[in-house]
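Next, two complexes with chain A in common: one pairs it with chain B, the other with chain C.
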Partner chain A sequence: MALLRTENVDYVYGAGTPFVQTALAQISFSLEKNEFAGMVGATGSGKSTLIKLLNGLLRPKNGRVFFQEQDIWKKGYDLQALRFSVGLSFQYPEHQIFSDTVREDIAYGLKNQGISEDLWDEKIREAIEIVGLDESYLSKSPFRLSGGEIRRVALAGTMVVKPQVLVLDEPTAGLDPIGRKMVYHALKRFQKESESTILVVSHSMDDVAEYADSLIVMDHGKIVDKGTPAQIFANTANLEKTGLAVPEVTRLLKKIKTAGFSVQDTIYTMEDAKNELLKLLKGEVKDE
Partner chain B sequence: MSALIETQNLIYRYRAASENLLKEVNLAFDAGSFTVVLGANGSGKSTLLKHFNGLILPTSGSVLINSQDTANRENWLDIRQNVGLVFQNPENQIVSTIVEEDVAFALENLGVDRKEIRKRVDESLKTVGMYAYRLHPPYKLSGGQKQRVAIASILAMRPRCILFDEATSMLDPQGRKEIMAIIRTLNKQYGVTIIMITHLMEEVIGTDRIVVLDKGTVVYDDLPQEVFQHVEDIEKLGLTVPIVTKLADLLKKEGVCLSEDTLLDESQFTQAVKQYMEGKNGTFKD
Partner chain C sequence: MNDVIIGQYIPENSRIHRLDPRTKILLTFVWILTIILTNKLLNFGLIILFLLLIIQLAKIPGKSVWNSVRPILPIILFTSFFNLIYTKGSVIGSFYFLEVTQEGIRISVFLTLRILLIVTGCSLLTFTTSLTAITDGLESLLSPLKKWGVKVNDISMMITIAIRFIPVLSEEINKIKEAQMARGASFESKKFLGKIRGILPILVPLIYSAFRRAYELTTAIECRCYNHEIERTKMNRLGYQKGDIGAFGIFIFLFVGIVVSRFI
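And now, the complex of A and B:
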């Protein structure tokens, strides 16, 4: 049983105006419990729109959205409760920051969900640590932070309530390399410990390749490919047609293979690439 | 020749802060140069860049643009025209309700004549691949498309220097490649001075110079191959080296030294693999 799914969903912006724009067409897609999925696609392919449909921020023109097999647009469905279960972190973190202090900002979700104030401090401390900030940030104004710091605060605010499904739109854009790593490690840990489901939209193939169990490829409002990272990256031409690229290590191995060496070129993590190259470089000398 | 941009003992402290953020920064950028600024989140990169077009003024020390002090109000108009800044988030840069109006906005403020505005707006929009969207309302564009419009607005000013503060961080790989190609063309063909902040190592390849900031201090200012040979030190700063460089370093730790030089891109790496394998086959043959 899928935890969250859409059935033939269409979404159109600006219906009835000269600027009508079909953002999604006939999207059927599902997330299983405890899955870590990555979503990739060129700018404008509809990723952010799809994500907003998943927790009821946008209402589809046609088609249906189900959470735990309940139609979220059926009369009487508790959308507020859905938004607690499906946590959304926006592409532009400034848009989800309102408060005077970082602490208040992170506490916002806790307050909303009526979680007892006695528990806040501990949860907030945990959340801020996960994103790699220290407690001195809690009393700061979120409007006086650097871009990467704001991103970290916004992520802490989404993670602190431990939603069943965590949907993140470009969560590591603007983060420094160590911050990216921390966020993905935190998500992985979160997935395991809380058995939660994660959907990450990312332009970084290297990141989703390394951490996601499955990938969804979007192109012009449609899902054009779905599978494990290895399956998706095996077809370079297909990806490039949609404006995407295979991860850097994959591209490097393909290049080495093209240069006449026998290496496997469906590899997409640094560790595997290292081992594959060691096999080649330390390997037996070819008989000529 | 004096530098296009120069900082002299630049110190900066935010009013709300208890200590100095930028600590005695002395940097000079020649006209036509291409520099990438790296540093962890909060290290002071954006703060430094905002000094270069007078958006903020030093707490002490000075910043000179084309020998004009940014602290002097009379220089501001010149400075703003000479140095454009493209931000991380396009949302905050778009002011008009139609794309082409947005690109024309600053030119209109400067009193440039209609025909010239038309020409520059069209040119700039074509350069970033957004000409077809010239009559669209910007709010209807997705993030990446908006960023291209923001870049076009700066290009229309024909500045001598453009500062990019993570300008590609929201774009897809294709969009990034296109914008990076535009940036390189502006530098190589038109001699526009570029200073660019990025967290993406693939964008560093091909620059002349890397400046690394750590807690408001310049800790490296050198060629990419020099900076990236210090893999562990760079990682200690919360940063990383290009993937190819990292891979070569990992192989070295396993006893395979592909090259004495720092490998930066895929071609160099593949070439080094070839040479290594030839060397190996060679030694066994004789």
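And now, the complex of A and C:
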């Protein structure tokens, strides 16, 4: 049973104005419990629109969205409750921060959920710890933090209500390599500790290849490919048609292979690439 | 909420689009004056017909016009309601302690019509005139003031930026609102205090982002060596055509007609 799924959803912006724009057409996909999924696609392919359908911020023109096999647009369905189960973190989530202290900002979700204040402290401490910051940050002003830190504070603000599905739009946009690593570590940890499902939207192949169990490829409002990273990256031509590229390490190994060395070219994480290259080097040394 | 397009230029090739921007700016003022001076229901009817004709000529979809007046409807309802119950005169009906008078109805109907017509007229200017054209027009119209040391270039630049950022900010509001709703915020609180408190999570990030944009824009402008003291040349020089003379003729006829009919 899928935890969250869409069935043939369409979405159109500006219907009835001169600016009509079909953003999504016939999208069907599902997320399983405890899955770490990645969604890739060129800018404008409809990724951000699609994720807003998942927690009922946008209503599809056609098609249906199911959470735990319940149609979320059925009469009487509690959309506000859904938003605590399907947490959504927008691109540049720090732009939505409005409180004087980090603590207050993280507490916003708890307040909206109506959780008694006695329980806040523990939940907030847990959340800030998962994103790799310590308690001293709680009393700081969020506007004084570095880019990577404030991003993780915003992330903690979404994680604090323990959503069963956590959806993130370009969570590492504008961050340096260390900041990116910290964000993905926090996501992995959150997934493990609260057995959540995670969907990360990104256009960095290297990032999703490293962390995702499954990938969805979007192009011009449609899903053009689905599968494990290995399956997706095996078909380079298909991927490049949508304006994307395979991860850097995969490209490197493919080049080494075309140069006549026997290496596996379906590798897409740094760790596997390192092992494969070491094998190659050691093998060559032995041959001499 | 997703399709707020106030201040948005709708490219088309219509007679109205082709008018000189100076004509359209000046006629917008004539339009406002005409409407303020209109005081007969019949004349309002004629003016509405005239406006519909212009909308038709400009090939602007009705939905866009509706979207431009929709945000101010609450204000209109609010003011007309108070005009309706606070105007003294010959009573024609009452609920509890509220009295509705003939004068009250007249004033609130006229007020509603005036606001609607003025707003629609002004949005027609922005629907049919690109921002560059509006700026060029303003600059040209204000240029006599240069003699007295008024920085006309700066003023027109500021006005352009302000107009340009209306859709940007309304999009921003939408984005922030969605982000807070994703964190479980509900903006449907009935209580007044709840409403005020609900505004802060939108207002603070909005102001913050407006400043961030302002700084980015300043840097961008400086990087391009913008300097108001340098006279810039224009790619498209403005020039009045036959259509402009016709438009002036029609609007002045309308204006004079309305003024004269006040005395009949």
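The criterion applied here is as follows: the second predicted complex is superposed on the first by the 272 of 288 C-alpha atoms of A that agree within 3 Å, B and C clash if a C-alpha of one lies under 4 Å from a C-alpha of the other, contacts with A are read in each partner's own complex, and residues count from 1 in each chain.
As a convention for this text, a contact is a pair of C-beta atoms (placed from the backbone, for glycine too) under 8 Å apart; a residue touches a chain by one contact, two chains touch by 3 or more.
Values in this document were obtained by computation on a predicted structure and should not be read as measured data.
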{"item": "Overlay on chain A: chain C relative to chain B, clash or fit", "value": "clash"}
{"item": "Per-residue touch tally on chain A - higher for chain B or for chain C", "value": "B"}
{"item": "Chain B versus chain C as contact partner of A:A245, first or second or both or neither", "value": "first"}
{"item": "Touching partner for A:Y13 - first (chain B), second (chain C), both, neither", "value": "both"}
{"item": "Which superposed partner A:K52 touches (first chain B, second chain C, both, neither)", "value": "second"}
{"item": "Touching partner for A:Q80 - first (chain B), second (chain C), both, neither", "value": "second"}
{"item": "Touched partner set for A:G41, first chain B, second chain C, both or neither", "value": "first"}
{"item": "First, second, both or neither for A:A230, with chain B first and chain C second", "value": "neither"}
{"item": "First (chain B), second (chain C), both or neither touched by A:L277", "value": "first"}
{"item": "Which of chain B and chain C A:L119 touches, first, second, both or neither", "value": "neither"}
{"item": "Chain C clash site on chain B (candidates 79-87, 223-231 or 277-285)", "value": "79-87"}
{"item": "Chain B and chain C footprints on chain A, overlapping residues", "value": "13-14, 19"}
{"item": "List of chain A residues in touch with chain C within their complex", "value": "13-19, 52, 55, 57-58, 80, 83-84, 87-90, 93, 95-98, 108-109, 112-113, 143, 157-158, 161"}
{"item": "Chain A to chain B touching residues, read off their complex", "value": "13-14, 19, 21, 41-44, 48, 91-92, 94, 141, 144-149, 151-152, 170, 173-180, 203, 205-206, 243-245, 248-249, 251-252, 255-256, 259, 261, 270, 273-274, 277-278, 280-282, 285-286, 288"}
{"item": "Chain B - residues contacting chain A, complex", "value": "14, 16, 39-42, 46, 88-89, 91-92, 136-137, 140-145, 165-166, 169-176, 199, 201-202, 235, 238-240, 243-244, 246-247, 250-251, 254-256, 258, 266-267, 269-270, 273-274, 276-277, 280-281, 284-285"}
{"item": "Chain C - residues contacting chain A, complex", "value": "2-3, 5, 10, 61, 63-64, 67, 175-176, 178-186, 200-201, 203-205, 208-209"}
